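Two complexes come next, and they have one chain in common, subunit A, joined by subunit B in the first and subunit C in the second.
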Partner chain A sequence: MEQIIANGLYLGAQYALIALGLTLIFSLMNVLNFAHGQMYVLGGFVTYTVVSQFGLPFIVGLLASAAILAAVGAAIEKFLFAPVIKKSKREESTMLLAAGIAFFLDAVILLVFGEKQRGVPKILNGVLNWDFRIIMPYDRILIGVLAIAMIAGFILFMQYTKAGRAMRALAQDRMAAELMGVDVKRYSMIGFALGAMLAGLVGGLLVTITGINLGMGGPTSIKAFMMIMIGGAGVISGAIAGGFILGMMESIGLTLLAAYGDITYLVIFASLMIFLAIRPQGLMGKPWG
Partner chain B sequence: MNTNRLIGVGAFLIAVFVIVPLLIATSGRWDFYYTLTSVALLAIASAGVWLTFYIGRINIGQGAYALAGGYVSAILVTKAGFNFWVTLPLAGLFCAGLAVLIGLPILRLRGVYFAMVTLVLTEVGRLSALALPVTNGAKGITSIPLPGELSIFGLTLIPDFATLQNPKLAFYLAAVFLMVACYAALYRIVNSRLGHLCRSLQQNEELSASIGVNTAYLRVLTYSISSFFGGIAGAMFVAISQSIYPSSFQVADSVNFMLNCFLGGLGYVFGPMLGTLMLYFGWDLLFTTGRYQLLIYSSLLIILMLVLPNGVLSLFERKGGRK
Partner chain C sequence: MNRRSLLKSTALAAVASLSFLGMAHAENPVLKIGFVGVTSGPAAAWGISNQRSMETRAAWLNELGGYEIDGTMYDIEIVAFDDQKDPKRAIAGMEKMAQDGIHYVVGPNVDDGAAAVRPVAEQNGIMYFPYAFPKELYTAPASNAVLGMVANYQSGPAIYKYLMENNGVKKVAFVAANESDPLSQRDGGVEAAKALGMEVVSDSVTYQVDTTDFTPVLLPVIQTQPDLLVLSGVSPANAPQLIRSARELGYEGLISTETAQDATVLQEGAGELANGFISVGGASTPELASDAMREFVDRYTKMFGEYNDESNTKVYALEYILETIKANPAAMTDVEEFKKAMDTFEAPNPYMVGDAKLSYVGSTSFGQKRQVSVPLVVNVFKDGAFETLFVAQVD
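Let's turn to the complex of A and B:
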């Protein structure tokens, strides 16, 4: 039992971090970022390159992931999303763009980093063994703690800095924010960069444990979509809740349903459908209207 | 329908039923039949997605219905010994029924929420196909017989495909015939009372509900028609490839159906057909570029989106200004 909870918390912390980036982008621009999983993969590969190829410490790799992904995110917003949103008749057109970007990042990753599974050496050795009730390698604990620290940092950033306040205003009402003198273009770009940076950071964190490969992008995006559906799109607390709930469900499902074969995700999907039928806007989302 | 349009439709029919087979026969590129057949079938599924766009919903779940339709047809043919041509409408009806059940709860969602839940639905389809006993798991159903003879009172309407000299041509004709029928139906729907009501849903659901439109019923009806298209496209696909696996239709396919609609233009009935043709052929033509295929393809998609965010058919809009 303790083991299930520990695993769930560890998974949930990473998931929440992925969902935060996605929900931030969604709330600011009303864009469903299909390329989020690919950004996560790109972040993992950057950390891998810095750590394994250049032999630099892990923290440098993580910072490089964050910096590169932030730059990529900012460029994507400025040169692709902003012009399309301006010209397009229907908001949904951005989804085609997002899907195109997802394919594009896939292609770039394939050309630059290849299709092999990559990983970096363990950053910490040893396993925590608490009376055989919780068994967890130290590096996983470290990654989990780092992820939670980043979530806390993100919340503080959104609450107490000028940029964070501007972005929250944008998410609430774009036009009102603009009338109050918020530089909408600039903060949209910063928001997108921040969202991409979070995806890159998670990729950098996880490359130490699960490794990274090209095929992980799509499934990661789907998981992130599920999390923000559970929590409610565009709400920060919802993304965190969704991440932890999905992590917990996965952890419980893998333990309890293992006897019936690989049906954990089927059960999660089915319960999500039922949940959404009762509460379409998710746990904390704003109702439609 | 004015004469211009009649001539256009006639030219299109002649092109697909006469000129294309002639060209292929003279050039000897028999492999084009497979490509064009796929385009026709994918265009049918995309037409379904387009119809859900028409009521203002982004549908990324068509892959699930194509997969369901394919499995229904495959199971009926192999396990119950049905004739394929009987299973084709059954597959469509099964999907339509399924869409009513699934659509009742999820059609309450809107915008990005609906898009995400349908995306998840595709994944549910794949996982169900893996987990259900009747679908034979990851091994799939293989060596499905070719479609048999269809006759009414001894009159042969469709000959047995196994006895045909050139089943590729037969499949091509069958697929194109289906496509034409589906687009004719789509055109009819859009230009009927139902189409007007759908447009009102697309623009403002609350307002149309307040005028007295039964929005819940309309939503489910349109969604099930859309899934019907997905189902028959999937069933036909299975007949051609003679096999089906849980990975036959997956998230990437669902996303592609949606992209076809975007690319062709959401405001035009024939947009998805053009979009499918362009995307599928574009992808095939880029095959020669080897490892840069995906890079070039996705760059083109992005550039196209930057230049023509309202679809390729919006090019003609400035001149004619009509739908």
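Let's turn to the complex of A and C:
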């Protein structure tokens, strides 16, 4: 049982961090960013390049992933999403654009970083073994703690900084925020950059554990969408809750259902369908949007 | 220079280069060989190493002036199609090959794609060389598919037997991704292990290919305390993570797979934890590689920046196609002639030291010669490189 909880918490922390960026972008701009997984992959490859190719410390790689993905996110918002949102009132326009960006990033990643699985050396050696009740490598514990620290940092940023308050105001009511003097264009761009940066940071963190390859983008996006469906789209606390719930469900399923084959995600998807039929707005979402 | 003249000169330069290229290629007739396989998505490494192996060899032959068949030098052109690991796309790819008048195709890389293209290949007179294991593709009445590598039901028993005799392995556990290829390879492996008298302690655990933490996946497997953990049909993307998780959970037994892997990927993803990992390779280990193999690796690396060890098993298909057509030039446009040549075909294997031969095998497994004879090279990973564990022959 202890092992299931430890695995669930570790998975939940990384999932929550992935979902945060996606829900932030959705709350600010009403955009379903299908390219979120590709941004995660790009972040992983940037860290890999900095650490394994240039031989620089892991923290430099992580910072590079954050900076590059923030820049990519800002550019995507300014030059692609902002003009489309301005010209088209149809929500599917931004969805199609996001899907197009996902395909484009996949192609760019293949061209620049190649088809191979990549990874960086372990940042910590050794395994915690608590009387065989919890077995957890130290690097996973560190990554889990870092992910939780980043989630806490993000919450504090959103709660106590001017930019955070402005973005929360935008998420609540875009027009009211504009009338109150919030620079909507600027904070939309900052929000998108922050969302992309979070995706890049998780990619950079996890490249030390799971490695990275170009095919990981799509499945990562799907999991992120599941998390925000569980927690409620556009709600930050919902994304965190969704991440930890999914992580815990996965951990429980993989341990208790292993004897029946790979039915964990079948059970998760079936549970999600039933849950959404009862509560379509998710745990913390509001039915009116 | 103003913009108009710049545009003019650019256009002229482009036309001139195209004309030059056209002239250069016009010297030799062109023999097109197709490739239909996965070159995007999670399994891209499988198909890309295939395609790049073919392109490297084709460029090499063209640089030497072409490939001689019946007194005529041909330039070899590789026509590639990404099937995205989707059987529908694989069918579209094979149809494209037929429309282009291509009679010889390498691929697809996976079972369902290889099965899906069979009717198109048979109706359009195409011989194809899949990297897929279902026996019905190669057993009569099927006759247009030629297995391009050693199948898991051929390599598995050889590896298990070796490990039983040399390492005292008795208990074996299997883990596979929840996809058709790995699952069928797992089932074949379980059958082979039982036939050898091994105790199968776990064979029901599977995982999603996008799993990011294998600890919960492997925990119930490791608790069964196997002597050998078989990663059935594992992709190069998942292998390092599985090895790493197993070792971190305290597993000290042997780990093996029947698929080809890449040493760099293992080193980056699992480091020294991957030491002792057993996989199927080709002919590029120092003990086996000929000068031609070393040159192939050099050329591949120069063309694409980095070599992929999976190409050690994928260097052969194009060689077989060309050598067989050379042996019977009528096969150039008539695959029935190709099939006739297969029964008696034999040529030197340029990629291995010694007197290894290229020939078609498969009579034991399929009742007809529908498999390329490549050496079953079983490698063990050590400190960032593969070492040859043992070599065997199939049929």
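What we mean here is this: the second predicted complex is superposed on the first by the 287 of 289 C-alpha atoms of A that agree within 3 Å, B and C clash if a C-alpha of one lies under 4 Å from a C-alpha of the other, contacts with A are read in each partner's own complex, and residues count from 1 in each chain.
Following the convention adopted for this analysis, a residue touches a chain if its C-beta (ideal position, glycine included) is under 8 Å from a C-beta of that chain, and two chains touch if they have at least 3 such contacts.
Model, not experiment: these values are computed from the prediction.
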First (subunit B), second (subunit C), both or neither touched by A:L110: both
Touched partner set for A:M197, first subunit B, second subunit C, both or neither: neither
Contacts of A:N129 with subunit B and subunit C, given as first, second, both or neither: second
Contacts of A:D262 with subunit B and subunit C, given as first, second, both or neither: both
First (subunit B), second (subunit C), both or neither touched by A:M95: first
Partner chain(s) touched by A:V182 [first = subunit B, second = subunit C, both, neither]: neither
First (subunit B), second (subunit C), both or neither touched by A:L17: neither
Contacts of A:A66 with subunit B and subunit C, given as first, second, both or neither: neither
Subunit B and subunit C contact sites that coincide on subunit A, given as residue numbers: 106, 110, 218, 261-262, 265
Touch list for subunit C against partner subunit A, complex: 39-45, 48-49, 178, 204-210, 212-213, 215-217, 219-220, 236-237, 240-241, 248-250, 262, 264-265, 268-271, 305-306, 308
Subunit B partner contacts - residues on subunit A that touch it in the complex: 26, 30, 32, 34, 80, 83-84, 87-90, 92-93, 95-97, 99-101, 103-104, 106-108, 110-111, 218, 222, 225-226, 228-229, 233, 261-263, 265-266, 269-270, 272-274, 276-277, 280-282, 288-289
Contacting residues of subunit B [partner subunit A, same complex]: 53, 58, 102, 105-106, 108-110, 112-113, 115-117, 119-121, 123-124, 127-128, 130-131, 206, 251-252, 255, 258-259, 262-263, 266, 291-292, 294-295, 297-299, 301-302, 305-306, 309-310
Residue ranges of subunit A touching subunit C (in the complex, touch as defined): 3-4, 7, 10-11, 14, 52, 106, 110, 114-122, 127, 129, 135-137, 140, 206, 209-211, 213-216, 218-220, 223, 250-251, 254-255, 258-262, 265
